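One structure is given here, and the rest of the page talks about it.
Order of writing sets the chain letters: A, B, C, D, E, F, G and H. Residues in each chain are counted from 1.
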Amino acid sequence: MNEKDLKKILNGVRKGSMSDIQALEALKTLPFEDLGFANIDHHRSIRKGFPEVIYGKGKTTEQIIKIMENMSSKKCPVLATRIDKNKAPKIKKTFPKAKYHPASGALTLTTGKIENKGCGTILIVSAGTSDIPVAEEAIVTAEIMGNHVEHVYDVGVAGIHRLMNQKDKIRQANVIVVVAGMEGALPSVVGGLVSRPVIAVPTSTGYGASFGGIAALLGMLNSCSAGVSVVNIDNGFGAGYMASLINRKL
Amino acid sequence: MNEKDLKKILNGVRKGSMSDIQALEALKTLPFEDLGFANIDHHRSIRKGFPEVIYGKGKTTEQIIKIMENMSSKKCPVLATRIDKNKAPKIKKTFPKAKYHPASGALTLTTGKIENKGCGTILIVSAGTSDIPVAEEAIVTAEIMGNHVEHVYDVGVAGIHRLMNQKDKIRQANVIVVVAGMEGALPSVVGGLVSRPVIAVPTSTGYGASFGGIAALLGMLNSCSAGVSVVNIDNGFGAGYMASLINRKL
Amino acid sequence: MNEKDLKKILNGVRKGSMSDIQALEALKTLPFEDLGFANIDHHRSIRKGFPEVIYGKGKTTEQIIKIMENMSSKKCPVLATRIDKNKAPKIKKTFPKAKYHPASGALTLTTGKIENKGCGTILIVSAGTSDIPVAEEAIVTAEIMGNHVEHVYDVGVAGIHRLMNQKDKIRQANVIVVVAGMEGALPSVVGGLVSRPVIAVPTSTGYGASFGGIAALLGMLNSCSAGVSVVNIDNGFGAGYMASLINRKL
Amino acid sequence: MNEKDLKKILNGVRKGSMSDIQALEALKTLPFEDLGFANIDHHRSIRKGFPEVIYGKGKTTEQIIKIMENMSSKKCPVLATRIDKNKAPKIKKTFPKAKYHPASGALTLTTGKIENKGCGTILIVSAGTSDIPVAEEAIVTAEIMGNHVEHVYDVGVAGIHRLMNQKDKIRQANVIVVVAGMEGALPSVVGGLVSRPVIAVPTSTGYGASFGGIAALLGMLNSCSAGVSVVNIDNGFGAGYMASLINRKL
Amino acid sequence: MNEKDLKKILNGVRKGSMSDIQALEALKTLPFEDLGFANIDHHRSIRKGFPEVIYGKGKTTEQIIKIMENMSSKKCPVLATRIDKNKAPKIKKTFPKAKYHPASGALTLTTGKIENKGCGTILIVSAGTSDIPVAEEAIVTAEIMGNHVEHVYDVGVAGIHRLMNQKDKIRQANVIVVVAGMEGALPSVVGGLVSRPVIAVPTSTGYGASFGGIAALLGMLNSCSAGVSVVNIDNGFGAGYMASLINRKL
Amino acid sequence: MNEKDLKKILNGVRKGSMSDIQALEALKTLPFEDLGFANIDHHRSIRKGFPEVIYGKGKTTEQIIKIMENMSSKKCPVLATRIDKNKAPKIKKTFPKAKYHPASGALTLTTGKIENKGCGTILIVSAGTSDIPVAEEAIVTAEIMGNHVEHVYDVGVAGIHRLMNQKDKIRQANVIVVVAGMEGALPSVVGGLVSRPVIAVPTSTGYGASFGGIAALLGMLNSCSAGVSVVNIDNGFGAGYMASLINRKL
Amino acid sequence: MNEKDLKKILNGVRKGSMSDIQALEALKTLPFEDLGFANIDHHRSIRKGFPEVIYGKGKTTEQIIKIMENMSSKKCPVLATRIDKNKAPKIKKTFPKAKYHPASGALTLTTGKIENKGCGTILIVSAGTSDIPVAEEAIVTAEIMGNHVEHVYDVGVAGIHRLMNQKDKIRQANVIVVVAGMEGALPSVVGGLVSRPVIAVPTSTGYGASFGGIAALLGMLNSCSAGVSVVNIDNGFGAGYMASLINRKL
Amino acid sequence: MNEKDLKKILNGVRKGSMSDIQALEALKTLPFEDLGFANIDHHRSIRKGFPEVIYGKGKTTEQIIKIMENMSSKKCPVLATRIDKNKAPKIKKTFPKAKYHPASGALTLTTGKIENKGCGTILIVSAGTSDIPVAEEAIVTAEIMGNHVEHVYDVGVAGIHRLMNQKDKIRQANVIVVVAGMEGALPSVVGGLVSRPVIAVPTSTGYGASFGGIAALLGMLNSCSAGVSVVNIDNGFGAGYMASLINRKL
């Protein structure tokens, strides 16, 4: 049911062709979402401005292509995450303009330049080289959502001077995403240097008692720095998305 | 060492009273923080605009009063969290203008009106009545940090219509803090309704397999809604602080 | 020992060819189940009306076929779960009337129409597309046990309006099985909408801190909605079976 | 907004005193729950027929009394769970007809005889003497919700003959709630004896590696008997509620 | 150092060619195990009467053969556990008299009949068909250690009558090994039926919240039956070994 | 129903006053346990020879006294475990011959000398002084069950020579119970020294990552010595009981 | 058996009053520890140079005094840890020279100046004020073991400049003990600054997902800095002891 | 910025070509590490004397070769850990002098003899044969860092005499690394024998409740021997590194 349908009911009421009881009944069951309520408008605005996201894991190449066809026909920028490198070539055959990001497995398809909707810079900071795939997922996500994104890699806390060398860059960012595995200490240190929000992403990097990222996750949740919040293990997309919401011009 | 000291070195070099080697030696060991570098300035600005925070747990009444005396002498707004209700009267005797918030155990001391530094409203949403102490800690924190704060209580997902009734309030907020225990589902539902950042706070509310908030924590980390990040269990202060950073006028 | 054997003892006692002591000894050791006691009758009735279930995991194709031959010779409807897609063709060669359900890996073999033994409709609700295999296992189980089954897919809590659009369908069901991974919040929301029992099935969908379904499991156990009970992770069969028992005409 | 308000809008439309745009705007924001939609009706019916439930833990005696006053004024049967034995006398002073159940800490207040709304008997089975408080909470819940409830206590699996002696009672029940701590094996054995749904309630009974009920919880989730579903640790209320929904006459 | 060496010292002391101090020094550092002390004798007796055990996992076929050659040259009965089925043929080529037990992956090599060293029968009871590999490992271990072993399979607690049918066999055993996965309830029931020791073996059978055998392990540790002790998950060898020690004629 | 009742049925059949169908019906429902079948005999023998055990935790002094009165009237030796030291004096007033064991909280009441039913000695070995309460519970249990019990205390693995000094005592025992907290290493070392069964009891001794006995429990389950099985944390009673079953003359 | 006994045997052998077989038998069973072998000597040296340690938790004041009397009579320096502040006055009455350290609950009793046995300085670094009790336990332990100890408090990673200001002190230490709760990140940062061994001590400081020190423990075990090893949660004594062994002059 | 750059600034100040303000600005942002400050010197000294370490897991053969080329051009000794045996041949083609250690997967490349920088011997002790890869990683690490390393293998606590035979070797070592899986008891026993520091390495050896090394890890953290600290599961490199720091001549 849409606005047209609703007007029809109102018209019926006005003209007397519809009783109050009939109108009430019709209104009771109307799926309010289809009325163009804020919820839906809002969702539309999300869909317009922000990319549709396809979680690639467990979907076949055919399924992914089909969803992308549907989206691209609506001129939506497309972001697909966790796309196996074996699936990428076939997808790119159908969408020659699609771009595959091999480190993160993200795949993007955009038409024209992405409009900058952010207040400032989103900075992605990562601790070790094996955290880069997750960092890249955050970067790709934040970029397609219309942000200026920079990154600083390989500044783990074991060599704190490497991080200190990047202090200026870190302090000029509007939102900072910090990606780290192992003990997950980096967000605490970064959080202590800045007055802007820090999104911490634990990664499954490490072995033994890192327990697939639990050590880093707990470390970040218990950060002694205020102004740090946490997303799921390896969830670069979630961090990039959250950072974009924070950075977005109101 | 401060700017004055540094200038003295430079002067010495200029005048020749200090050799290059002596100057190098002095500069190598200079504690850069004491120079008034950005780091420190920045910290100062934080301390001015944002309240000093005293984590009250495990501190004696005397210790708390001593820290508060030091702070209030510097005209800092003071926020003390987790203050036992037994300690509050004695503190209030020393600081008659201090305000104790019994639900959360927070205690605040401010002079004059707090300047509004936020872009919009911070909304605190909580699921059940037992989540209110944590919600209140977030409110007190966000208010003393210069934000307009509103709240919506008792809108757990078991009665989804209660939440739906507050849709407008939720959508008008600039940042939303969602406090929930038990299964921690509320941030996912709220996150699906809005396009603004959601800070999720798991609480230790519940029994049995809630494991002191672990169930809620995991639920929130695994939220199927993008745009949700998480702070530690019962960490209302952390959520209020994070929300303030996000809401802050640049 | 069966009824015939028991009568023989009684006859022996009556005729005096068996002493009390001999009879007592014989009766003491009689395996009561073989007498056709309620327990067994009951089991038989289960076996007649309800399908034999073969848990396919870890069984060879030959073993599965052998059990199916035994069962189908007794006119039992057969349900085999977790059948590898590689094993299905060979089984279907032996049982051309068998039906393989590829999403869940369930395989059914029935003769004639299944009699409807249910009071109402069993509705299977699932949150995300990756929950569908588990949902399908529940559907197949409930159908072969003689129920009218409907389903509503892809109504996760991140887009609560999709669920709201299905409110009528949900409220008309007699039993509802809710399948969800990640934070497992859906059963709480559904449980808040209905006055009928909800069986919650956590799935191993998700990554990172979903811990193979633990997050969803804990979420469901801590549901703030009354009228929700939980089965094991990914246990679509168990949920379908439980729903069938609840729905069964007395 | 209620039906009266809605009719006013329709009237305004009919009379021309309200434009389509105005009507649309009003309807968009109408809180659908207040219209007496099924959701609410349904909730009302729940509230009428089924008791209001007050979770007593963490509420003051005054708060509990206030809620009870509100409810009893509406002639609702009242169920309050987890009421400290120290609070009971004061509550009983205000409500002399209230009944306190000391084993479970439940407190009930009903007027007149509770109408039987169940199809059959709900049987509460418990393993050990220390499981009785949880069992009693289930009993009280199921009784106030209009069921005939029986119970069988102290039939743990370590003395399987005690359980076997109660086979008839168990098989005649329409729904069975099984309460057990330690290894939580009882629901599996009971589930194997009957063809009716079994609700398993793990209790925190035990020590050492029982981990406050986790051992029992896991045991029940992994039950090798089909037709068993599980509620939270010590959640006798949840089990009684679920059993009532299952047993309810349609 | 062996007895010969020791006698040499004693001789030297007696003859005076060795001073007390020299003798003391020599004796202080003597590795007592090489003297044929009880410890070692005892170990030898174990090795003679009880099989050498080779844990096959992670050893190459060549390593296994080499150890077996060493052992069989000493007329030791050989037990090798967890031998991959791919390695078995090659081993059997070298030791044509070796016997491979495919279900458990155990491999045995004995010469002549194994002497019966047990007081009574060891009974291996298992719950489901997927527990059989572990049960078989226990059987093979107990048999090569000189015991009369019987077994009862597929008597899980979901069909308690199957177990009851085997009561006599169970009660006549001197030691009982109970192997079960999922909820691990069987040892509690068996333990309640007998007055002989029960060794419980949790298996990794199950899925979801069975957590690779943790559910069964916890269930068994919390058994409400006295007279039950537990070995590691899937440790059929350990259970068979323990049962042999218990059953051994003194 | 007892033997007398059964004979009545047989008589009725013989005399013709009871039809086959009536007899069958009566026999079907006979609670076999009440016939004095092996199960019950066995239980009786347990009850005669082995003590009734009262788990004192959570029982009132009155309840404990009542159960003890019932038992002692039947001349059963009584073992009550985990009796609070505050309850002991009152119990001893009623039963002046009862003996309270303050370290473990066990309380025993026996009449006459306990007959020795064991094959050999049960040795209780404990690691640290804080493990003694659990060790004592094992001793008291094994003694009242008719065993000769010895003990060796304070022989933790950090001073391995202390253990070595007790080698002879350890090797002469028929069954060994090893009680240890912290890392739980002692059973592995003891198990390597003997050819008799070792029952390992983890204790909740320790702090930090001992997690209330989990570290010790895991250590014992993973013992590299064969011939070790494990009971629940702090379960001295269970270990003493298991050891008694093993040691019992057949 | 001591050296005297051994000489008697050797004498017997020499004189012929003891046969070789008799001597062998005697020697086989000699408890080597009592001979004053290296093991024992070594232990003695530990006892002389290093303090006896009394773990005070769970010991009565009387027990503690008794052990201290025994020790002090042998001129041993005494270290007692985890002494309740209520017990301290009574102990000090008996040993007026004993010193109680209230923050850590350690109590020491020494006679004369402690000889410095260390190569360099041991530095104790702690993150937050609530880590100080654990840090102090490490200090007291290291001091009584004969080390020069310094400390740096309140240099958590959230304000990295505070740590940087202490770089020189940190780099001049020979061994560094780092005490931290919450996310436990400090040892990684310190480990990256120095080339000397770092002993990390997680503390139970924190709340929510710090899980009583698990978060810090995991963080430290997963430290990205090499040269960091970890002791148990809150184990200041263990860290001080380990640091002393490392620092000890060879 | 390096010393040369810094001198240029000083020169500018002296000559007047640079104002104080300009100099201050330049100095404020100078990356202090590039000045050759202690931190960096220290790092350099580490890099010179101690090997660069490449963590091979997840790096391609090409990446590893590239890093090695860079390092070897600077005459650094190279240590690469966790190198897949498939990658080794290709690397050795480029670096014919590289040595591959197949058990641990370590690969080393050194020029000339490694200078001995240690005070004494580092002894690597391992419990079972499956712990050898981790032990070897520790050996290779300690050797390339300039230590004399010895090892004792296969001395698990189940045969304590094997360990006792090596007592002298153990006591003569300056630092001891103890590698053990399963229950991880060996470090406690070794720690009780010596007065030198023990580094404990838990391994993922074992099955079932060993939980990939958690059991061993917890066992070691709870060691009842003082003077034991722990590194991450399977972290042979970390243990070898820590041992080297301890053993290093000051």
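One rule holds in what follows: contacts are C-beta pairs under 8 Å (C-beta built on N, C-alpha and C of every residue); 3 or more make two chains touch, one makes a residue touch a chain.
What you see is a predicted model, and the numbers here were worked out from it, not measured in a lab.
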* Structure fact -> A correct list of chains touching both chain E and chain H reads F, G
* Would you mind checking which chain's C-alpha centre is most distant from the centre of chain H? => D
* Asked: Where the centre means the average of the CA atoms, what chain is farthest from chain F?
  -> A
* Asked: For chain B and chain E, what's the span in angstrom between their mean Cα positions?
  -> 59
* Structure fact -> Whole-angstrom distance, CA centroid of chain C to CA centroid of chain D, is 25
* In angstrom, rounded to a whole number, how far apart do the mean CA points of chain D and chain G lie? -> 55
* Would you kindly tell me how far, in whole Å, the mean C-alpha position of chain E lies from that of chain D? => 50
* Asked: Which residue numbers or ranges of chain C touch two or more of the other chains?
  -> 32, 38-39, 159, 164, 168, 193, 208-210, 214, 217, 221-222, 226, 232-233
* Asked: Considering every pair of chains, which are in touch?
  -> A-B, A-C, A-D, A-G, A-H, B-C, B-D, B-G, B-H, C-D, C-E, C-F, D-E, D-F, E-F, E-G, E-H, F-G, F-H, G-H
* Flag every residue of chain E that touches chain C in the complex, lowest number first. => 129-130, 159, 161-162, 164-165, 168, 207-210
* What does chain G use to touch chain A in their complex? -> 127-128, 156-160, 164, 182-185, 188-189, 191-193, 206, 208-211, 214-216, 218-226
* Complex contact set, residues of chain C against chain E -> 29, 31-34, 39-40, 43, 57-59, 202, 204, 212-214, 217, 232-235
* **Complex interface listing, chain F residues touching chain E** => 38-39, 42, 45-46, 53, 119-120, 167-168, 171, 174, 193-197, 199, 217, 221-222, 226-233, 237-239, 241-242, 245-246, 250
* Asked: Can you list the residues on chain E that touch chain G in the complex?
  -> 3, 6-7, 10, 13-14, 16, 20, 23-24, 27-29, 32, 35-38
